[in-house]
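Heads up, there are several structures right after this.
Both complexes below contain chain A, partnered by chain B and then by chain C.
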Partner chain A sequence: MTPTPQDSTQPAHSTVSRRRLFGVAGAGALAGVSGVAGWGIASARDDQPAGGPLAYAFHGEHQAGIVTPAQDRLHFAAFDVTSDSRESLIELLEAWTVAAVAMTAGELVGGGAPQPYDAPPQDTGEAQDLDPAGLTITFGFGPTLFEKDGVDRFGLRDRQPEELRRLPHFPADNLDEVRSDGDLCIQACANDPQVAVHAIRNLSRIGFGTVSMRWAQLGFGRTSSTSTTQATPRNLFGFKDGTANLHAEEPEELSDHVWVQPGDDPAADWLAGGSYLVARRISMRIETWDRTSLREQESLIGRDRVEGAPLSGGTEFTEPDFALQGRSGPIMPMDSHVRLAHPAQNNNTKLLRRGYNFTDGADALGRLDAGLFFIAFVREPLTRYVPMQTVLSRDDALMEYLEHTGSGLWAVPPGIAQGHYVGQALFT
Partner chain B sequence: MKTPLFAVTLSALALTLSACGLTEPNAPAASGGDGQISVSSTSEACDLSVTEVGSGNLAFRVKNEGTEVTEFYLYAEDGLRIVGEIENIGPGLTRDLVVRATAGDYVTACKPGMVGQGIRNAFTVTESGEDLGITGVDAADIEAAETQYAAYVRDQSQELVDATGDFLKAWTSGDDDLARRLYPTARQHWERIETVAESFGDLDPKMDLREADLEPGQEWTGWHRIEKDLWPPATGYVPLTAAERQPFADDLMANTEVLQERVQTETYTVSDIGNGAKGLLDEVAAGKITGEEDIWSHTDLYDFQANVDGARVAYEGIKPLLDVKDAALSTDIGERFDALQELLDGHRTAEGGFVFYDTVEQPQRKLLSDAVNALGEPLSKMTGAIIL
Partner chain C sequence: MTPTPQDSTQPAHSTVSRRRLFGVAGAGALAGVSGVAGWGIASARDDQPAGGPLAYAFHGEHQAGIVTPAQDRLHFAAFDVTSDSRESLIELLEAWTVAAVAMTAGELVGGGAPQPYDAPPQDTGEAQDLDPAGLTITFGFGPTLFEKDGVDRFGLRDRQPEELRRLPHFPADNLDEVRSDGDLCIQACANDPQVAVHAIRNLSRIGFGTVSMRWAQLGFGRTSSTSTTQATPRNLFGFKDGTANLHAEEPEELSDHVWVQPGDDPAADWLAGGSYLVARRISMRIETWDRTSLREQESLIGRDRVEGAPLSGGTEFTEPDFALQGRSGPIMPMDSHVRLAHPAQNNNTKLLRRGYNFTDGADALGRLDAGLFFIAFVREPLTRYVPMQTVLSRDDALMEYLEHTGSGLWAVPPGIAQGHYVGQALFT
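This part shows the complex of A and B:
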C-alpha cells in the first residue's frame, strides 16, 4: 500500500500503528470475526476499497496459517530450546503470542510506544510501511520438546502425543541434519516476503537466550491452494500441484483428516483442535528434469502439463480413471505420482498440503539448489502419512528427479483464545 | 537406484520410423506458412481446421472432444504408411504432433476408442518452395541400430556374469584385496547397461540398492551391501563372517544370471536407445557426480565412465540416423562426448583405473558436472530429432 502523504510524515516513534496508519481493519473486526472452518478474516473496514490490506485474526478455534488461503510467501524456522527452565519456555511462548498478535494485525512489535532514544527499537522496522499482507504465524512443538536423549526436559514427557515421533527414514532419503527437526517451529506466511521475514526475525530475536534457530527455509511461491477460491499453482517441474488438496470449504473432511479430535489421544488432549505439521525439504533435480521429454514428464506425473487434467481425460478437477486402458496398459501409468499419491491407493489418506517452491541459490556443482518445501497438516502423521510417504519414496517414478534433504514433524496446538498463550493447555 | 527409465518409452513410435522417415521433430512448430492445424476428434468426426497446407513442418494440435481415448494419425497417400501419430489422448485433453512433410496427398485419421480404421479424411500438402533438406532415413540403418544395441546389451550382461563370478569368488574365499580390485571393474558392465537393468523393477532393488534407499525393516542385499563389507566404516560396523558372506554372494550371482537370461530376448527401439543414453547421463548427474553411488569404496569414477560408455555406444549406434536428420546436433553430441572423456581421463591412475572420488576436489567435480550438463542437453534432443 502506498501511504498517503500525510501518513508518510509520521515520525518513526509514532504510537500510530502500521494498521491504523494505513486504515486496515479496526480492532473490533480483528477480535471476533470467525470465518470458514475456524480461520478468521479480519475483514477490512467498510470504507476500505476492495483489494485493500489483508489481515487474518491470530485468535480463533484453530491456529491461522492452516486452512487460511495459502499466501504467496513463506519463512519457516525451526528452533531448539537452549534453556532447561520450564518457566523460561512458558515466558517465551507468552512473549511470542503477544508479538504474533501484533504483527498479524499489522502493528509494531511492542506496540510502537515511545522508547529512549538510546535504546534499540523494539521492532526491527523493516515492515513499518507495509500492510499485514495476510500474515499468519503458526507455532508447532517437536518430539524433542517432550523428551530428548531420554531426558524429560520440561516435565512434558507424559503428555507427548503417540503420533509425535521423529519421522522414520524413508527410502532414498538424504537428509541434512542441519535442515531437519527442532524442538519448536514457526511457519510465517504472507503475501509480501518482507513481512514474513520480519515476523521470523522478530520472533527469533525475542527468543534469544531461551531458543536458538536451528534452521530456516524461505519459500517464494505457494504450491498449493487451500481454498476453492484459489487457482492451483505450479511447482518447479512446471506442473499444477496439489489439485486434489483438502480445502477450507470441506469442514467434514478437515475433521477427518486435519484436526486432532478430542479423545484421539488421552495423554494429549491438549492437542484437540490442533494438528500435525509435516515438513519435507524436497530437492528437485532440475537440470535432468528439464532434459526430459514432455511425454515422459506427463507419464511420471500422470497429468497433462498445460491444463493439469489427469491423463485419463477431463479437466483439472476430474477424478482420474485408474482403470482406463491406453495403447499399452493403463493410461494413468502404474508408477505415476498421481496414482500412487491418490487417496484411493492409500487407505483414503488425505493431506492438507501447504507447500512452497524454494531456491537457495546454486549448489557447489553449479546446479540450481531448488525444489519444493513440502508442508502438510495431518491428523495422524504416523499411522496415515508415514505409510503413504513410504510407498511414494519407494515406488514413485518421480523419485528419479527428487531427493528429500530435510524433514521434521511438529504438533500444532489448537487456536489461541484472547488472553491465552500458544500451547497453554499443554502447560496447565 | 531404481525407476524404470524405459517404462515410458514409446514402442509404437518405432513403427513410424521403420515405416519411413518423412518426419522431423525439434523444428519449430510452424507449418508451411499455414501455422497450426487444429484437429477435433469426436466419436463421429475428425475435423481439421484446414485440409490443404504448404510443405514444411506441420503442427497438428489435436483435441479430444469425444468421450473415449483417441489417437490421431497422418498416413501417406496409400493410407497405410504412418507419417506421424499421437496416441493415448484422454477425453478433453489436447496434444501436439509435429511432422515434416513434403508435397503430396495424405490421409488423416482419428481413432476414438483406439480401434479400427478410424475416421479418415483426405489431406493435401502443396509445394511451398521451402527447402526441407533431407527428410528420410534408411530403414536398414534403423534395423542395424536396433540389432547392434541388443547385441551390446547381451554382451555386457555376459561379461557381467563372468566378472561378478570372479569378484564373488575372491570375496567369499576371503581374498579381500583382490575383491576390492575387482569390485569397480565388475560393476562397470552393470553400469554400461544400467537403464536396461533398472527396467527390471524386481531385480534392481535386490542388486543395486544403496543403504540410503532402504525402508525400515527391508533386507539389504547386492553390490553395495558387499561394498560396505569390503570398505567398512571406521566404527560401528560388524564385518560379515565367511559363512555370512556366502548367501549374499549366492543371491547376487543368481540375480545376475536372471538378468542375463532376460536380456536374451529383449529388443530395443530407436527411441529406447536414445532415451537410454539420456537416462545414463541422468544417472551420472544424479548419483555419480555427487559421490553418493559408491559411498564406501569411492570408486564412483568407474561407474561414471561406464555410464558414459553405455551412452556413447547408444549414440554411436543411432548416429547414422541422426546424421541424416540433424547433422549439427550429431556433431555437437560427438564433440561433447570427447570433451567429457578428456576430463575423465585426467583422473586416471597409472594403471589405467581411476582415482578414488573422495580425492577429487570440489572445483574438479564442478568441471565434470558442467561437462555432463553440456552433453546432457544436446543428448536429450537426440530421440526427438530422430523419431518424430
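This part shows the complex of A and C:
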C-alpha cells in the first residue's frame, strides 16, 4: 500500500508546535481565508516534514478517524440543531471544517493570528502547548437532520438515505434518551485526551446559537484495532476484543462492508464514499462479572482469557471451529458471544469496530459506571447491522452482564476536498 | 539529590511485562507470601533493570504519588467502611497493600499464579498486556474513620489528628454530598488511564464486604508539575496552572509545607512522614469563560495567557510585583487569583498541588460538565490551607466562573516499609 498525502491511515509528522504556529505558520495558513460567518476556509499544510508529532491529514477520499489506526482516547458528542435556518447550518459546517483542519494540524482555532485584547480568544487555549497527538475529527448526520417530528427543517428530506433511520428498540434495551440520538455527531479521537476534549469544546463553542450539545461520552482505552499494525486491546471484562475486526489493510473488505458505494442509494448519492456510524453505550455489570468463574467467563465469550484463542483451539487468530463437539455439545457454546457475532452466523456481516472503554465514576449504589462505548462503521446499518444486533441482544449469553444504555446512528459523509466543507454534496 | 531504590521521585524501569510475570517472576514474587484474608504480603521486586516501562517503587519513606512527577491520568475514589470490625479493616489494609505492591510493579493481582478454573480470576485482567505506566497508589484516612456520628467504630478516636476535621463550608460552596468526604480514599495515577482504572477497580473489588465506593473522579490532564523536570501544564481556562507549585527538588520546603513532622501532633505520631490530601472538585463555567475577553481573563488570573508571566512583567517564573502601580491601581489587580493565592498574602502558605482536569460529559442544559479536580498535599490543612481557601472563596474574582461541587480531607500515612501495611502504625 503506497502512502499518499491524502491518506488518513498514514501519519504525516510535524515539527511545528502550536507555539511556533502562533508566530509564523499560523499567519501563513490564514493567507487564503475567505470569511464565512466569522470563520474562513484555510488550507491544511501539506509540507509536514517526517518525524515529530503525529498528525493525520483532514482532507482525503474518506473522513479520517474511520480506518485511521485507532487512537487511545475518545471524546464523542451529539448535537441538536436549534436553528431552523438552512444557511446557518451550512455556515456551521463550513466553520467546523475550518476549525477541524486547524486543530488536526495542531494549529490554534482561528489560525493564531493576533486578536483584539477586548474580545474573547478564538481558541480556548488548553491545547496550546500540546502536539496534534494524532487527532482526527469525524462528522456524522443523524436521521433527525432530515426530518424531525414530521418537519423538514432544512429542505433535506428527499436526500435522506434509506438506511438512515432511528435504530429500533432491541431486546433488553434500556436506553437513556439523554444518551441517545442527535441531529449531528462528532467523534474526536487522539492519543492525548486533552487534545480530544479541546476539539469538542471548541467545535461546540463555534456552534453556539446554531446547535446545542445533546450528550457526550469520553472513552479512555480503544477496544479494537483498525490496522494490522496494532495489537488487540482488552475490554473491561479483561478479554481481548475485536480480534476479528476489519482492518485498514483490507481495501476490498472495506468496500464491501464499510464504504457506501455509488448507486447504493440513488436518493443519497451525496453519501458515496462515506459510511454509517453506529454508537451503542453498553454498560457492563462489572461487580457481577468479577464474581464469575473463569470457566463461565470463557464459555460466555467463546475464547480463553489470556491469549484470546477460540475455545475450539489454536491461537488468537485461528478461526473458531463451530462444529467441534465436546462431551455435552459444541465446544463453542451455541450462545457464546463469538459464535453469535461471527459473520458466518450473520449473513457475512462484518463491521469496522472502533469503540472505547469508558468509566463514568460510580453509580448511586457505589458500583462502577463503566463499560464499552461501541462504535462501528458499516455500509448498510439497517440491512446488515440491525439483524445481527437483534440476534445478539436476544440470544447472546453475555447479555446477562450487559445493559445497552445509549444508542445512535449517523450517516458519515465522504472525505472532504480542499476548499470544501463536510457534507457539501448534500447541500448542492 | 541522590536517587535511592526507595525514592518514589525516581523511576525504576522494568523490562518484564505482565505477560512474562505470569509465567516467571509472578511465581517468584509469591515465595514470601503470608496469607491474610486470602491475600498475602509479598515483596516488591527491587531488581528492575534500567530502561523499559516506567515503574515507581511502592515502598519508601513517603507514599508514592505525592512528590512523584505527576502522571497524566487520575482515578480517585473515596470509600466508606461498611463493617464495624477493626480486624476486617486491618485485613483490608493488608490486602490493599499487597495488591498495590503488585499492580505498581506491573504484576497481576494475586501474583499471576495458576488459579482454579471454577473460581473468579483474582485479577480482572484488563491491564494484563499493559506496562505499569508509572502507576502510583496513594491511600488516605478520612476524619470519619476515627469517629462517625459520635461513634468510635474502630477504636481510633484517640489517635485522630487535630488537623483532620471535615473541611468547613467555604463561601459559595455548592457541595454535592455524593462527591464529598469518605472514610478512606485512594488516589491512583498513571500515564495510561486503563492502568489507573484497573487499580481502583481491583482495590474496590478486594474491599467488597468491608467497604463500598462512595464516589470516584477521573482526571485526564495533570494541572501541576511536581518536579522541576516537568513543564507547566494548562487548565481548562487555557492558562498555565501551578507555576508556583512546590517541587520534589525542594526537600526543605517539603518538610515545611508537605510532610507531617515528628512532634507536630503528639496524639498522631503515627502520621509523621505522612501528609494531608485536600480534594476539591471545582466545576468551571466553561461557556461563560469562553465568551470573556482576553483582557478580562488575564486580569482575573493575574498572568498573561500565552506565556503565563505575571501582568507586572517578566516571564513565567518571574515573581509578581504586587506594588507596581498602573493608571488605575495595582497592575496585579487586588482580586486577581495569583495575588490572593500567593504565599505572601497567606502567611507563607505553600501547597504541593497535584490536581487534574476533568470532563464528565455534558449537563442537562448541554453545557460541558468540566473543571479542575484540585488535589493538594499539605502539612497543616486546618491551620494553613483553610484560611487561604476562605480568602479565595470570598474574594477571588475568578470565583464568578467557578463552583466548588465536591470536597474532602484525608490524612495520608507515611510510606510503607517492606512487609508492613499502609497505616500500620495507627493500629499498633
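Methods note: the second predicted complex is superposed on the first by the 377 of 428 C-alpha atoms of A that agree within 3 Å, B and C clash if a C-alpha of one lies under 4 Å from a C-alpha of the other, contacts with A are read in each partner's own complex, and residues count from 1 in each chain.
FYI, contacts are C-beta pairs under 8 Å (C-beta built on N, C-alpha and C of every residue); 3 or more make two chains touch, one makes a residue touch a chain.
What you see is a predicted model, and the numbers here were worked out from it, not measured in a lab.
**Student:** Contacts for A:129 in the overlay, against chain B (first) and chain C (second): which applies, first, second, both or neither?
**Tutor:** Second partner only.
**Student:** Taking the superposition as given, does A:269 touch the first partner, chain B, the second, chain C, both, or neither?
**Tutor:** Neither: A:269 stays clear of chain B and chain C.
**Student:** What's your read, chain B or chain C touching more residues of chain A?
**Tutor:** C
**Student:** Just chain B (first), just chain C (second), both, or neither: which does A:366 touch?
**Tutor:** A:366 sits against chain B and chain C alike.
**Student:** In the overlaid three-chain picture, which partner chain does A:231 touch, first (chain B) or second (chain C), both, or neither?
**Tutor:** second
**Student:** Identify the partner contact of A:304: answer first if only chain B is touched, second if only chain C is, both if each is, neither if none is.
**Tutor:** A:304 contacts chain B only, not chain C.
**Student:** Could you look at A:291 and tell me whether it touches chain B, chain C, both or neither (first, second, both, neither)?
**Tutor:** Touch partners of A:291: chain B and chain C.
**Student:** Please report the chain A residues shared by its interface with chain B and its interface with chain C.
**Tutor:** After superposing on chain A, chain A residues 287, 291-293, 295, 306, 364, 366-367 contact both chain B and chain C.
**Student:** Across the complex, what residues on chain C touch chain A?
**Tutor:** It comes out as residues 22, 73, 75, 77, 115-121, 123-129, 178, 192-194, 197, 201, 204-205, 208, 212-218, 220-221, 231, 233-239, 286-287, 290-295, 297, 305-306, 357, 359-362, 364, 366-368, 370.
**Student:** Looking at the complex, which residues from chain A come into contact with chain B?
**Tutor:** 168-174, 285, 287-288, 291-293, 295-296, 299-300, 304, 306-307, 309-315, 318, 324-328, 331, 333, 335, 364-367, 390, 393-394, 397, 399-400
**Student:** Provide the residue numbers of chain B that touch chain A in the complex, in ascending order.
**Tutor:** 1-5, 7-8, 10-12, 64, 69, 71, 87-88, 90-95, 114, 212-216, 218, 275, 278, 281-282, 285-286, 289-290, 292, 362, 365-366, 369-370, 373, 376-377, 379-380, 383-384
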